[in-house]
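The two complexes that follow have chain A in common; it is paired with chain B in the first and with chain C in the second.
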Partner chain A sequence: MSLFWIVIRQLAEIEAMAMSKKVITREEWEKKLNDVKIRKEDMNKLVMNFLVTEGYVDAAEKFRMESGTEPDIDLATITDRMAVKKAVQCGNVEDAIEKVNDLNPEILDTNPQLFFHLQQQRLIELIRNGKVEEALEFAQEELAPRGEENQSFLEELERTVALLAFEDVSNCPVGDLLDISQRLKTASEVNAAILTSQSHEKDPKLPSLLKMLLWAQNQLDEKAAYPRINDLATATLEDPAI
Partner chain B sequence: MGGKREEEDFEEEEVPTELNTINSSGGFLVVSPDKLSVKYTSVNLHGHDVGVVQANKPAPVKRLVYYFEIYVKDAGAKGQIAIGFTSESFKMRRQPGWEANSCGYHGDDGLLYRGQGKGEAFGPTFTTNDTVGGGINYASQEFFFTKNGSLVGAVYKDIKGPLFPTIAVHSQNEEVLVNFGQKKFAFDLKEYEAQERMKQQMTIEKISLPPNVSYGLVRSYLQHYGYEDTLNSFDLAGKTTVPPVFVAQENGFNEQDNVYALNQRKTLRQLIRNGEIDAAFDKLRNWHPWIVQDDKSSTCFLLHCQKFIELVRVGALEEAVKYGRMELAKYFGLAGFEELVQDCVALLAYEKPQESSVGYLLEDSQREIVADTVNAMILSTNPNVKDLHGCLHSCLERLLRQLTACCLERRSMNGDQGEAFHLHRVLNSGFQIREVEREVLVSIK
Partner chain C sequence: MPTTTASAVCTTVGNNILLRLTSGERDVKLKALRELKNQIIGNRTKKLSFLKLGAVPAVAGILSDAVSAVDVADNDENDRIVKDIIVQSAAVLGSFACGFEAGVRAVLDAGADILIQRGCLVEEMPLLKSYMEVVDAGARSLKMIYQSKMAPKYDFLQEENMEFLLSLLNNESENVSGLGASIISHSCKTSLEQKLLFDAGVLKRLTSLLGGSLIQRDASLESIATIFKNNPEVVSQFVGPDTGRTLSCIIEIVKDRFARTRLLASLCLIVIRNASPCYLQDVGIKTKLINNLLELLDDPGRVGDEASFAFSSLIAEKEDMQKLAFEVNGVDKLYNHLQKGSLHPRRFEGILLALADMCSKLECCRSRCLSLQVLKLVVDALAHDSSDVRSAACMCLRSVSRSIKFIQNLSAGSFMNETIVIPLVRLLDDTSTAVQVAALGAISNIVVDFTTRRSTFIRLGGVKLLVQLSKSMDSTIRLNALRALRNLIFLAEDKCKEEIFMELTASLLASLICDPEPSVQEQALALVRNLVDGRINSVEYIFAEDGIILDAVGRQLRIASKAEIEIQGMYVLGNVATGKESHKEAVMDQLLLRAENKAQSCIIKFLQSNDSRLRTAAVWAVLNLTCSSSPGSSGRLVKLHDAGIVSHVKNMVNDPCLDVKLRVKTALEQFNSFDDSLASTSCLQFLTVRAVGELSHVVDPSSKIPCDSISNSCYVYVTDFCVIYSHVANSINSQCL
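Now for the complex of A and B:
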């Protein structure tokens, strides 16, 4: 059986050479990996950045105590931000808007698209709860004026109002608006806007680094055959396949 | 091992600062005393009496972009000025671009020359009072040129090896000033670099990841290093998020291995982070005696050194000396241990050891190294462990190493050109992109 794997390996090397790719053996590659210096405190920072950006306040606090890593943002502001996010996720948009304005009135002022999406969510919730009259009034008074200023707002407004035309909303073409994913989308948008207003990046760094790894491997694939990591969750090295 | 902390890998390269008066075509031009301007002194009779001068050093390569500018003070009789890059062995009587392994943007015809006699259409001509810049973009492997602050164009760079910023003058009274970065450039180089990074960033962002993989990696990181309290908070929060996060486990006992002796590891980390080394020894003797039974093992070594360091930290120098004689003396002369033991003992020589060259031993990072080693040792006592190497590095660390190694390998295959990947830099660089985003937000308002 092991002879089989030796042959496979040799075939891979021949193919790599034919494509003039440099072949790097497992041994050579592991030596390169061992030569890399990764500082523990940098990894801790990366984890803290994830906890803080995603809003895990308690975990961030505990991590600060257990690892001595300082969060790059005031933990108190996370609780407020999470309250806003939760409110939107639960459909309490009026509450969320109030909270955002308490946090920082400039956020909605400088973010017309965000504000429109929040109002749109409010409309969706009214329709979901069967409050047809209120919904129509709200659409005409609050959303229509915004729609007049902006073509894409108008289109979204029309899509949302279309919900009212259907008896069976779960099957209609705009039914996705009633999906929880719509609430999550709006919640994410508000979360990002708050982070940006606090001069913090809206996305954690860890996913970008993972994407960078996938990209770097793809780039290196063009020139070399070397052990890759194909499963990010287990981070196991796999020898190059044919 | 607990050796000297690695210096930040700063890629020190020499950069051009002035014109090279030694190899310039001396008969045809004169360089100013400050070596930052040049004048054509001859009379242009043919194609081999060009006044060419290179910079004193080649363009540095271990960065994203290299760039320099010239200011045409006087276009002279025919405005035959050129800016570009040439190799070390360039014939210093010919315009850059007229010979192989050179590239030049010429002011009289606005053409780009790349080693053939005939130039290609490239951009506008340039003359008196124009500021023209030349650069190398290592990410895209291109030469690019600018005029009065605007990008003119770019061409592929297929010349290998060191390249010298080069300027040339060819008709009577031509005079050109050069700027190697000592003064502000007319071209917004920072913006150009930011956009180049953005381009790469955007390509990377488009890549999709399996769902919740970051969440899973953070979780396994917390388990690996024994951050028990954080893990519990994290798990609790994961259940109440909307929607609740669910990380599929491959097989049941992966989970078990990760939380093996979790509470013990957490306790030991806390003790070591607080400098309570005696207590740490006690616990280890209680829970995992085999780890500390061989006094010459690396774990014992690190713990003893740390105990010594803690005594120095509180100023108990006599006790430290006693302890050193008892416990550290045996490590002198043992390969692999020597450097650390010498550094530890050196602490005694200073009144303010934290300010000395061995001051790094008094920092938290040293305690962290000991804590991480003990952590790995305990993980290795798990009878189910298949991969001992896996005890040393968390998944996250393995991924980051792979990322770094791939970037370095690719760069090395590219003649070592371009920016290296530094996790440290990436972690602290976030604000570049943010600034560009801010501009965009403000302009919408």
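Now for the complex of A and C:
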């Protein structure tokens, strides 16, 4: 990961150079990379930030013990947040709602869209479990009022209720609602809302850094041929085409 | 039927919960409270149904019992449950109060706010760590209550209240300090309260909160803005080593990542700017604020809705800001948002008002609006469901119609005429007074028409409506209706004037001249001035019904104390004095009639007035009465001389105001001409001068500028959308200068 930092600094310097497409050999490149200094503390902070935001409590705890890096939020609050996220991911939406309300009763009261999505997920779970009657009742009692209170939810509401119309739910046009990805989406939304209420940024810094790297490389591509990182996972330098 | 089943289910569940709430066992109570809480959070419908079942007083009762049962020093298991009960019941009450008016009312009626304050926020509690939950829960709920308009007013004048507030602000917990800030934002209204808070030193703490969490930052920004709003004194006392830091801190926050924070920071700066002219005046900060707000319009939620209102408060009445905003394509950006269609009413209103402010003074903005075809969207908005939107559309129309381009387009085709005039006339009958007033404002500008084609408006029955409105109980409506009529009648054709006068009637005019509201009197007199201006036979109107109008004018002149009324009245007399001999004599009678316990004619007071406009009007009247071409002038001159008026005029030969000076010079020439033999009659033919009628500038009447070419004695009153001109004898020039 240190390479990422290095490349970015390097690219900043290169920006000042000539307009015509320059060719930079691997040797030159690696030499310049070696000259860039990155602080270990900065990298540790990035890692901690990632673990904390994504909610890997145990890993964060261990990392703190081994590296001495302090997390920027209280690890105890992460546990609560993770419990909520897990509950949604397992399809226990009612449980998740209770936990969120215990954590901070304001969140769902001031976030109508999130609340709607949680209710929607509850309905989906009922349908998934084949509890059609209960699902119908739930839709009328809980979801319909949301649509009445707020017109913008009507479209999504219609899509969800449409699930009830099909016998073979997994193959119908709105079948994607039954995917696990839907659960993950809702879970992510809850996670973000809790983070925001705790005044924490809802996205970790690491993805932004990678995006910056890709963007910077694209910018440089117009001006030079140089060893590129094409696979972010391995971060290996690939030689420039000559 | 589905709905019945649903609500039946709800009621059963609801009743079940409420039943368990009354249980003697604490465990059962606690469980029921949690269930209730989870049922209502986020669910407005459920809140309503539980409200109807009487949940709020029940929970308030539980809270009250639990609070008495708590022993602060104690820490055992029993107390654990009692604390939980307090936390949960506070959360339930807070949720009822969250953005739900009926809920807030119920919570306040049950005295829950006081209960929560006493129960959760007492002094001893924060000291014990285990009570943080209770404190937080209480603070959250109270904050919800205080965010509502219905929350009780916090009495800052009471010392113990102030102390409590300060303790809240200084508390470490963000919920508690946030509550303190909320109280300030909600309850601080008067300048006395602002000063009290400022003197108590809250700003220091609020500034430190700016560096805290998101919640603290937002709450603090709102409070700071509340303390400074419209209070130049407090802002000026804001000087010190800390000022620069606080201001630069807020300026930094304008670039914050959260949109709402950016908006609040901008609002804070705008409040400070508007209250005091010495802060935040450099171009950099001005441009930053403008750009920030225009960008915030992109936010799809409430922040975007409110951004346009903030923009208005930034640029309203400030030409320099409007110019800056224009230079960064403000008009285009606003128009783009307008085009999006199906806008939330609040957003629609905000953007229309912002456009109205942009176009209020600058022709470039209005011109741009017209090229972009903004009018089409604005005219559609005239029929919107929301009265605020209709009102805002009228104001936008009023601003844009000040443009010369607009007038040219109006005159050019009747299409433009009808699409705008028809909906506006319809609004004169609107259910909302505010809309009626706004429509009148727009109509006042639109009826200005130099090609005398006001026919569309009249054809649609506009005159009848305006006359009706001039009899309204509401003085603002009377005032604006008269203003519109005044503009309508300005330089109108004889036939048009006749129609209008017949609708108005002399008695109505006379009574409006004597209206209890001075501003209405002024407009009525201005209307009469425009009525009698023009051809000689127009003067006859003032003598209708035994001259009640003229009597009313004379009466008002004798008792009035407001310069604006006196000016209009004198111009009326001045205009009448351009008529036949009998007309001039009638004016003389009015002038020489003394008011009770007044030694001299009112005109002498006017000639000595500090207001140059009034002096001008008075001298005009004298001029017209003594013009050399009229046979009775010499006789009138003698009377004026005997009343001491002539000597006063002679004393004004060096008047500081050029208008006055020129008139006086002419008058003196006229006086002298009665002594010498008449020099050349040809040049005296045009000595009849008339102070021509005046156009009511809807916003700022003081934009009349006497044209530079005084040598032509041609007064050009330029309002920013039309021209009034008066004809004065050219020959006088050759004699005077």
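Rule of thumb we're sticking to: the second predicted complex is superposed on the first by the 218 of 242 C-alpha atoms of A that agree within 3 Å, B and C clash if a C-alpha of one lies under 4 Å from a C-alpha of the other, contacts with A are read in each partner's own complex, and residues count from 1 in each chain.
To be clear about the criterion, a residue touches a chain if its C-beta (ideal position, glycine included) is under 8 Å from a C-beta of that chain, and two chains touch if they have at least 3 such contacts.
Just so it is clear, the structure is predicted and the values come from calculations on it, not from any experiment.
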| item | value |
| --- | --- |
| Partner chain in contact with A:97 - chain B first, chain C second, else both or neither | second |
| Which of chain B and chain C A:168 touches, first, second, both or neither | neither |
| Which of chain B and chain C A:216 touches, first, second, both or neither | first |
| Touching partner for A:149 - first (chain B), second (chain C), both, neither | second |
| First (chain B), second (chain C), both or neither touched by A:196 | both |
| Partner chain in contact with A:140 - chain B first, chain C second, else both or neither | second |
| Partner chain in contact with A:108 - chain B first, chain C second, else both or neither | second |
| More chain A residues in contact - chain B or chain C | B |
| Contacts on chain A seen with chain B and repeated with chain C across the two complexes | 110, 196, 199, 201 |
| Complex interface listing, chain C residues touching chain A | 2-3, 5-6, 9-10, 34, 37-38, 41-45, 91, 94-95, 98-99, 140, 144, 174, 213-215, 257 |
| Touching residues (chain side chain A, partner chain C) in the complex | 97-98, 101, 104-106, 108-112, 115, 137, 140-142, 144-145, 148-149, 196, 198-199, 201 |
| Interfacial residue positions of chain A with respect to chain B in the complex | 22, 24, 29, 32-33, 36-43, 45-47, 49-51, 56, 58-59, 61-63, 65-68, 86, 89-90, 110, 180, 184, 187, 196, 199, 201, 204-217, 219-220, 223-224, 226, 229, 232-235, 237 |
| Parts of chain B lying in touch with chain A, wherever the complex brings them together | 6, 9, 201, 203-205, 207, 209-210, 213-214, 216-218, 220-222, 227-230, 232-234, 236-237, 242-243, 250, 266, 269-270, 273, 364-365, 368-369, 372, 394-410, 413, 421, 423-424, 426-427, 430, 433-434, 437, 441, 445 |
